[in-house]
Every structure is written in structure tokens, then in C-alpha cells.
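Shared chain: chain A. Partners: chain B in the first complex, chain C in the second.
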Partner chain A sequence: MIADPLKTQSAAKMTESPQHSVAPVSARHDFVLEVNNFSVDYGVGEDMVRAVNDVTLKLRRSQVLGIAGESGSGKSTLVYAMTRLLRAPGVISSGDVKLNLTNEGDPEEVTPLSLVDASERELRNIRWSHVSIVLQSALNALNPVLRVSREFNEVLKTHRKGMTRSQRHDRSVELLKMVGLNEDRLARFPHELSGGQRQRIMIALALALDPELVIMDEPTTALDVVTQREIINELNDLRSRYGFAMIFITHDLSLLVELADEIVVMYAGAIVERAGASELYQAPRHPYTLGLLNSFPPLHGERRELAGIPGSPPDLAELPEGCSFAPRCPFAMQRCRHEAPPLTNIGDSDRSVACWLHSGDPSVRVPVELSREMNPSRTRVTALKERT
Partner chain B sequence: MRMLARRLVLYIVTAWVAITANFLLPRLMPGNPIQTLIGKITGTVTPNEIRAIRLSFGMGFHQGLIAQYFTYLTQLLHGNFGVSITLGAPVSSILREAVPWTVGLIGLSTIFSFAIGTFGGALLGWTRGSRLDALIPTATFFQAVPYFFLATVMLLLFGSDLHWFPVLGAYSQTVTPGWNLAYISSVIRYGELPLLAIVLSSLAGWMLGMRNMMITMIGEDFVLMAVAKGLPRRKVIWHAARNAILPSIANLSLAIGLVVSGALLVELVFNYPGVGDLLLQAVLNEDYPLIQGIFLVITLAVLAANFLADIVYLWLDPRTRTVAAV
Partner chain C sequence: MTDRSSPVQLSARHLTRHFATRVPGKLFQAKRVVRAVDDASLDLVRGQVTAVVGESGSGKSVLARMLARIISPTSGDLVLEGTPIPARAKRTLEYASKVQLVLQDPYASNNPVHRVRHSLERPLLIHGAQKHEVDDLARAALSRVSLDPPERFLDRYPHELSGGQLQRVSIARALCVKPDVLLADEPISMLDVSVRLGILNLLKGLCDNEHLAILYITHDIASARYLADEIIVMYAGQIVERSRGTALVDTPTHPYTQLLIASVPDPSDPTSMASQSEEHSSFAVPEVGCRFAPRCPFAMDVCRTSDPPDFKVGEGHTSRCWLYANESEAVVEMALPERRREGETTKT
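Presenting the complex of A and B:
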């Protein structure tokens, strides 16, 4: 029998995992980002479509929040709207997003900034220096007619006014080194680089100003699995070294499990399940989470049969009555087709799910797939650093 | 550099093909210019007179086609384009007279039109959906109106009636041509109205092209990134415009190539002494040497402009610098 390397190393990993290596923060500014009852619409009036529906989530400092869901589940819309990068016809219809900025002089002090109400000027000040973003396709995210050095220069010039030319150059070289690239890449144009190199440059660029929050919108989706692996390893490493918080969007749940501390699963614009990464992976509670898990081969651990989810994501303009997932759900009950389940905590745990199966009603028999227990000896599936 | 050398060779070959075609075409046509000229002379023409005419136009020697071709090439290299039949002067000196007017007027209008249109288009693209969009139908209207009609109306209204601009000709009859202030300012004054007319009628093309490219670019990820980077608005616009301008540059090269051919109608309406006017006269009078000379100059100008555009494009878009793997 081949020993599962994850099992043996997971305990050691836990004690030195990134969130613990950072100095403990007081409860006052425990969260870098707080999103409350956030809704986003596309269009207004009759043609309005609600893409994000009443989302509430919090992100602790130096932690990784994974957002998973199929295309059209609203995961990208959520983060773009949150950071006020959403373009017309997308509009924030309700809710609030609070970004807790640390002050440079006194790290104990935080200034909350409501991103929903922030002015253009305030937004420009926090962009990139506090919140940066990495997009799915680095080829499109880098201006095709500019050299790589220009991208770094521009960011440093805009936000670090005091830096001299040679300081900017040194910083750019340092950043490239951080992601394992040689400084000669600075003189290149995007089309002269490989997909993996481009994405590394994007990551280096995102870290240029030591942001508190880095948003990754499917940064590895366009890459082959080997490069994907390398980039995930690097991200884990960088995060433990620099302690930035991260929101990682992907449709690949097995990838998230390696990287995220907490995962929220979105379906039809709403959160259907929220749990710690390993809890979610080992003991999913929502039928949709189970479906997502069965759609991807796990990167580590035992093989399981790939099943996929029957049907396709719903048309947001014509959501079914009751639970949005009910038409595709193998466990749907009568109640699911009439009443939408709220997102509630399961028992007294801190994980929550929006599913009637877990409403506590004794007459409902929870399917065995959705009532698995956690295996405490395998709390986190992160043996990446040790592997390399 | 290798890229440029390769292009240069291509252009030289193209120029040679154009020159050869320019040589062959008139000779493939039925009749010849001497006969046309003789046809115009009233009264009887003696064979001696015909011989004299032939000789005066350098056609007295009976050469084979190949020999003629080499004579033609040698003459071209010496800047000898032949003698105009109707004007009786060397074609090269006639062209030297006409080309600067055309290049000055049409060239300047093209540059103005390009600059204003592109800048306006970038702005319109960025503020798409705002009230500024009303500029587009306005500009399109001026481009849609037949050019000679627009020019005539402007000439009558601003020139004849309101006397805002001087009309007819390229400079006032009271000044002496030369490098003196009076002459130069007169040239500028007389050029204003034709320039305005051309810019007004060609603005829409540049503006629409740039606006549409701009809208496409705004949707690109790198523009979103520019916003996410917290760059000031003008820098974000610059990111989009820097890429949106590339097709306009390609169009500009074509437009500049056509500058030399002149705008026939402009020159007619404003009585401007350019190449367009000259070409019309040459065609009406079947003045073959002059037609040939004008065509040659136009062809070479188009080629030169294209070469220039290639260089600019290589400089602006690094993606075109990649030489195909050998």
C-alpha cells in the first residue's frame, strides 16, 4: 500500500500553517473584508437580472477564502462588484462592503472604508496598494504593446511617488525573483512569454505594493495542470511569507481545498454552502457541493468516480420557485420546489448550508453522502510545501 | 532591423513592377499621342512636320520595345519624365510646381483630420452613451454630403458672402511668391477654407473608426486591470487608446499615400493649383507623358507612405516585430 503523504504530514503542517505564522490580531480588526447582504443586478427595471443575491461573508486577515461555483453562478460578479470594478450594466442594488485598512504607522489601528460608498478618489487610493487582482487570462490582462517593465513601473510610479527610477527597477527585479522569474523578462512583451510566465508576472505585479487582499479570479484555469500545480505551490508559499489575505475564485473545488482556509460555494448568485476547506471537501453538506466535488478528479488522495451534475445552471432571469438547485438535485423534496432554503448554521458548528435536508426536521432522512463525518487525522490537505 | 530590410526589398520590387507597368500600359493602348496631337492641329500636316513633332517629343528614334524600356529606365533615373505635349514643358518641372501645393493642402488636412478625428473618437469611445454621442451623426452628415456640394456651399457662404476667407487660387495675386512673410501668410489664408472643407468631410471616418476600436478595447482585460491598478483616469484611457489607434495608423498610411494624387474636386472647387487639377487637364488633353509622370509620382508616393507606415507600425505594435521562424 502506498502511504498517503498527506496523512502523515498534515499534523505537522497544521502547526505552521500560514494563518498561524502571522502574529495574532485583535478581534477589532480581525477581518480584512466584511460583506453584508450584498446584491448585484444586471440592468434595471423589467430586464433586470439578479446575479448576486444577498451574499454575506467575512474574510479574516491572512486567510484564503475560496469561492467556487459553475460559470454563471455569480462568483466573479460578486468580487468585481465588491471591488467596484463591475462594469455597466452591472449595478450594486443593496448591501455593504467594508474594507478594514491598516494604517501604516500603527498596525493596531484600522480604518474601515465602505467600498460601496467610496468616491473615485478613495477607490484609486486603495486599489492595488490595498486590494490587487489577478485575472484568468494573463495574456489579456497585460497590455499587449507594453514591455513587462512598464507594467511594474506604472504601478510603482502611481502609488509609490517617492521611489526613484533605480529603486523601481530593483523592486521589479525583486518581485520577479519572488515568483521565480529572471530579471531579463522585464524587457519582454507579453506575447514573448509563456502562459505560466505571464501569470507569474501578474502575481508578482499583484504583490508589488504589499496589498492586504489579493483577489484571484481563476488564475490557473487557462494553464496546463503542471503549471497550475507550480503556481498553486508558489501562491501558498508567498502567502505564508507575506501574509496577505486572498479571495480565490475557481470552479475547481479540489484546487481550492489545497489553498483555501474557508470555502463558499455559490449557485445561481447565492451562497449555498460555507465551511472550512477540509470540512467541505471531506464532508459536504449541500447536494450541489457534492456534485461539484464529483466533477473534478482530486489532486491528491483516493480516486473517486467523476459524475458531474446533471442539467445546466439556471437562467437567472427565470429562477425556479423554491430552491434554485431543486430541478437538478437528486435529493429534492416536495418542500424544495416551493420554499427557498435560507443559509443557516448546521447545528452548533460554524459551517452553514442552504438546504432543507439539514433543517433539523426529524422526518427528513439525510442521504449518507451528505452526512459523512470528518476524519480528524486529515484536517488539511496541504502538503505542498513539504513536497517541493 | 532584418524585418525592415526585408520590407525594403519588397518595396523596391513593387516599385520596379509599377514602373514597368507604367511604361507598358500606354504602349499597349491603341493609337499614340502624336496622332492625337496631329489630330488637334487644324489644316494639313506635312510628313516633315510630323517628323518634327515626333523628334521634339523624343520619339523620333525607332527602337524595339526592350530598347525603349531601358531608355525609359535610364531617363527616369536622371529625373527625366519626358515633355508634356500640351504644356510643352518638361513633366518633371510641371510636377515640381504642382506637387508641393497638393502635398501641403491635402497632407495637412489629412493630418488635421486624423488628429482631431482620432482624439475625438477616443474621447467618444470612452464616454460612450453620453450626450457627446450626438457628435457622431453630425460628423457622419458632413461625410455623407457629396464633397463638392459641401465645398461649394462653404465657398459661397464663408468666402463669397461673408468674406471670412479669401477664395480662388492658392495665394493672393498681390504678393510675390518666395520666402517672404506676406506670401507665406497669404498661402495660409487661402488654404484655410479648402482645408476646413476637407477636414470636415473626412473627420467622421477617423472618428467612428477610433470610437469603435476604443469601445472594443474598453472591454479588454488590460483596461480593467488599469482601473484595478488605481491609475488616474487619463492613464486608463491611454491604455485603451494606445491599442485602439493601431488600425487608424494603418488607415493613415493609406490616406497619406493618396495625398499626392490630390483631391480633384477640392482643387476644382477652390481653383487650387494641385496635382488633381493637373491630372484632369492631362487626361482631357490625352497628354500621355504628363499622365505617365503623374501616375509614377503617385505610385511612388503610395509606396513610400506604406513603407513609412510599416516602420511606424513596427514601432507601435511589438507583435508585428516577430519574424517568422526560419
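Presenting the complex of A and C:
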């Protein structure tokens, strides 16, 4: 988890308004998180590697933002840096991250907080109570020598000073029930639980203080497919009940299409495509997104040869000139090898792509695979909303 | 001695492996037995991919290691090219030259302090190649797995290669002793999504063009469907369903296979989200009856008292589930001999 509860003895009470550098703004902000031109480097000077390159994204309240990308695409670095959890040699080299906190008592009023400039004290106030993280390996995230009850107890003791021992116990039981676990799990040690149970406990811990934003870093990658399905259903259910916003990181694009409202696809540290989940699935615009979608063998229909994406993911220390996907791209043009495409909106839609094919240049013919139209009757999101 | 024309390269007959573990806190009491693999029979056929699908703990990796003879079975036999191999006999160099294993994590299975050249030449020398020819053979092995040109890769260290490239090196290393059987234990699960298909297509090519018999172990049933000529689903050490072709994925009969398929993220089918979300107490495998019964939505009384045999549910398709008891006579042991006969008829 983010904060070390043992070290946060002096953490301010939740009811106390934290001392922010910016005065409260009365207008209601739709966005819980705004990231602008954010770049992260590893190391400085000659050996510097840019792991996150000029990322801009916004997350609405109660929405799920999916970040898809392969290992080394910068997706984990992005969220660690964003929440100021990144350790040296990682350095935030430019950009800004604004977290819009709702005030206690008046949910219409929000206080923006710049995470990049925030002091340790301010960070301690928002960590866990406003922003929490679920990490990939629950086995490593839980302390092996502490019973599960102790983990819950410490969070609540630190952040909810007024609670009595029995209130803390009741809240722990309530949280376990929320994620579908029996209360006798409180007395267990992590090694006595299965991978799925541990991951559920991590989710319960993340939700312990009703955060506005929960970040999930590949929470299901180490689990098998049946357990993954259970966790995903649980998350969908919890989100509709408690309305927290979520950033979900994974390399499994097909999982994100089911779960997320909006998806950003990252390649070599930069966002290459951003679109609504069903738009991205039905009508991908970037060749890399198309390749990723074609990399999952289907469960239905004719068995046919799939090509995947030729080549291998790039080395960040030796990125090619121009578009970093160009060496693997089947549609690469002369321009792609010299000039890096910026992330721009397609026409007047609110989706964007970083690809010269969609620059609007009439001499460039967009391949048919990348110009498919959306079929509005088939959107996954509407189908889901109708059912719930 | 060996019958090289037989399409069946390697058969497993009733392979069983039990592990004894101590009950926690009861040091001096009887040991508990974990039935990692129970009575697994399968044929690996020349030019065919056999896929074994199962979740972690289903015994699929133990099965692969028994086939490679790294783990010796508690009971059951292996038959290599028609020659039975006694369960307790030592693994020979000859066996290793015919059956090779590729492991899951290429970074863990390649020695980080040795160059690719070393990894390829060492098995060649052990298997009797002459010093002057190993360089050419190693180059040829790299070309077979599409690592071209070979000189770009021979003198690299594992950390200098990407995961996909290194997994190709592992496959090349297995291929350089010219095996007839390749056992691939989750070869793509540690790799990046975009390079997985490349490895799958490579395995498919080896099977189609060089007529290797391939065992493909995976937890991803969609990739098994993509690749396999026969699919086997394992649960808690038992083979619960098997089919030739994709029948098992298209019309799953065993409740576990149905659960497995319903769990796969499938963006094209919005109804796939509707499945149960209650916690299953994992590994609560009952001593008697069907092992899936505690999790099964269709469990009946008979399921809790006796272990179901294989029932035939379609052509070359069997399911170990009492639900199909009325539809057919039990066909314990029928699937394998039947296919063998077919294999012989196609040969002639």
C-alpha cells in the first residue's frame, strides 16, 4: 500500500482541512485527476532514459481509465510518478499533476492539489484516504508476519483517530464482506490465503478510507482466469456502489475493453491512442492498437492465422528517430521515420491518436483496417449499463 | 527396436504422481497426499499439437515434467515410439535427445553468465556432435526459430535480448538435439502480448513443416484453440474433458470447462460478464467423488459419492462428468485406442 501506517503518527485528522497551497475553488470539477505534459526520466545526464514522454490525460469522477501497454511502455512508471511514489533514479522532469479533492461536508466544493509540488505532509494526507493503490503482487504487498486484522487495524488507527477498537473491528469485517470474504479471514496470515483472496484483501484495504481514486497496477496478472473474472466482477460491483474513480493498468487489452470507460494505449513511454472503450475496440485508429487487438486469438469463429506484431518492443535507450513504432508498423511512411507524430484529436471527435495516417493530409490514404466506422448498436458500455 | 513410422511419438499411460506433505501443526501424524496428477493418459502425435489447459495447481506442469522424465511418476508408464519405458528407469541421454522441454520464463531458464552460443553448443557437444560442426549447427538452430542473421545473436548475453527473442533461443536450444517431441510449458505467458503470436506461429510451423509432436501447456484456452489439434482440460490433477479439434471450446460440456471459457475476457460478447462472483475456496479438493463438485453449479448426489469416469459426448470428445451418464455408456479408455486406430489407417 501507499503509506506506511507505522510512520504516519503525526498524520492530520481526516476532518481537518489539509493546508493546500491553492485556495478552495467553488466550481464543481468533473475531473478528479488532471495530468498535463508529464514526463519522467530515469537517471540524469548522458545515461538518461525517458520512460514517460509528455503524457496528458484526464480522469472524470467515478470513471474507469484503462492504461494498456507492454512491459517497458511506461505505464507503471506513469502512475508511480503521478502519485509521487517513484524512487530515484526516477525523476519527474516536467509537467503537472492536479488532484481535485472533494471537501468534507460539501461535496460540491473541490480543492485542487498539485501532486508534483506537494510536500510530504500534504502527500501523507491524501495517500490512502483520497488515493490508494493495489499492486500486482498481493503476496509481496502484505506483510507476511502480520495477521490480516493488523493490516486493517493500522490503517484505521492512523487515519481515523476517533474510532474505538470495536468500531475498527466492525469496519474491518464490513470491508471484508464488501469484497466477498468471510470475517474469519481476519485472523489469517497472508500465506494461509490463496492468490485471489490476498488480492481481495488488497482491494478491501484500498477502499478502507473511501478514496476518490483507486489505482490498480495489474491486479489480476498473477491470477488465473477464473479468479481474474471474479475480481473484475467484484470491482465493477464495488465501483457502481461506491463511485470511486479508477485507473486500471494492464497489458490485457481485451480485459480493459470490458472494464474501462476510456482507454489509453501507451507505447515506448508515450500515449499513442486515447478513446472510449468500445470505440477503441471496434474502430482502432493506431496501427499498434490494431496489432494488439489482433494479438489475442478469438474464442469463437473460424480458426485463422493471426500475425500479431512483428519485431520486438523498443529499447527506451535507443529509440528510433521519428515515430517509435515505425520499425514495426506495416503502414509506415517516409514521414514516420523522421518526424514523431503528435497526439491529436481525430476530426472533431474527442478521441485522439498519434499517427501520421490520421493527420488529415489528403495525399495519405488511410488503410481500411484503421478507418472502420463504429457500430453504435453494438457498444459494450451501453449493453452493460442497460443490465445494471 | 523403434518404430519410427508410428504417428504416435510419445504416449503416457495412466501417469500418476502423488506428493506427500505434512499437515501444518501436526508434525508426527500421517502425511497428507496431494494428488498432483491422477491417471493421465495422452498421446503425442507426429505433426500435431496437443494442448493441456488448466489453472495454477491443476497439475499440468507436473505432467510435462513427468513426460520429460524430470519427475518420476508414482505409477503409470511412458511409451516412446512404441517402446515402453519402465517407471523407475533412469532418464537416458537417448530419451533426452528425443523429448525436449521448453520452460515458461526464458530469463530464468537461460544462464545469465553465458552467451547464447554456449547455451546452444553445450547440448550439441553432450549429445555427441563434433567440435568443428557445432558452430554451423548452432547457426542452423537459430535460423530455424527465425533469429536471423544468427551471428547477431550468437555472442549476445541473455540480458541483451528481449523476452520473445530469448524464448526463441530456448526453443532453438531444445531443437538443436533434433528431438521428435517438444514439450512447451506455458511458453508465452511471461512474454509481451505483441510477441506471443510470433512464438505460437513458430510452434505451429515446427509442427506443420518438421512434423514434431508438440505438447503445449497453457492457462489460456483461446491460445489452445488457436494452436491445438487436441485439447485437454485438467482440473485438480485429473483430465476432465478432452476433444479433438476445437469441439471442446465451441461446445464445452464439463462445467469446469464452461466456467473457464465464461471467464475469458471477451469484448465481442457482452453477456460474458454475467458469471458468479463469489469466492471459491480454492484447493478444497474432496477425497471422494468428483473433484469439481464443491464448485460445480450442477452438482448432484452422485457427484459427492463417486468419481465420474469419462463419458463420450461427441466424436473424439469425452467429458468426465456424471451429467452425461445417461447419454452414453462409459467410455473409459476408449478415446485413446480409437484414435490410435485412426492414426494407423491414415498412415497406410
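Just so we're on the same page, the second predicted complex is superposed on the first by the 341 of 388 C-alpha atoms of A that agree within 3 Å, B and C clash if a C-alpha of one lies under 4 Å from a C-alpha of the other, contacts with A are read in each partner's own complex, and residues count from 1 in each chain.
Here is the rule we go by: contacts are C-beta pairs under 8 Å (C-beta built on N, C-alpha and C of every residue); 3 or more make two chains touch, one makes a residue touch a chain.
On a predicted model such as this, the values are computed, not experimentally measured, just so you know.
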item: First (chain B), second (chain C), both or neither touched by A:T83; value: first
item: Partner chain(s) touched by A:R124 [first = chain B, second = chain C, both, neither]; value: first
item: Which superposed partner A:V155 touches (first chain B, second chain C, both, neither); value: first
item: Chain A residues touched - chain C or chain B, whichever exceeds; value: C
item: First, second, both or neither for A:I133, with chain B first and chain C second; value: first
item: Contacts of A:D96 with chain B and chain C, given as first, second, both or neither; value: neither
item: First (chain B), second (chain C), both or neither touched by A:E183; value: neither
item: Touching partner for A:G196 - first (chain B), second (chain C), both, neither; value: second
item: Which of chain B and chain C A:P144 touches, first, second, both or neither; value: first
item: Contacts on chain A seen with chain B and repeated with chain C across the two complexes; value: none
item: Chain A - residues contacting chain C, complex; value: 70-71, 180-182, 194-197, 200, 224-230, 232-234, 236-237, 251-255, 257-258, 281, 291-292, 295-300, 303, 305-310, 312-313, 328, 380, 383-384, 387
item: Residues of chain C defined as touching chain A within the complex; value: 55-56, 162-165, 192-198, 200-201, 219-223, 225-226, 246, 249-250, 259-270, 272-280, 282-283
item: Chain B-touching residues of chain A, taken from the complex the two chains share; value: 83, 85, 87, 120, 123-129, 132-133, 135, 137, 140-147, 154-155, 158-159, 189, 191-192
item: Sites on chain B touched by chain A in the complex; value: 220-222, 224-233, 235, 239, 242-243, 246, 316-319, 322
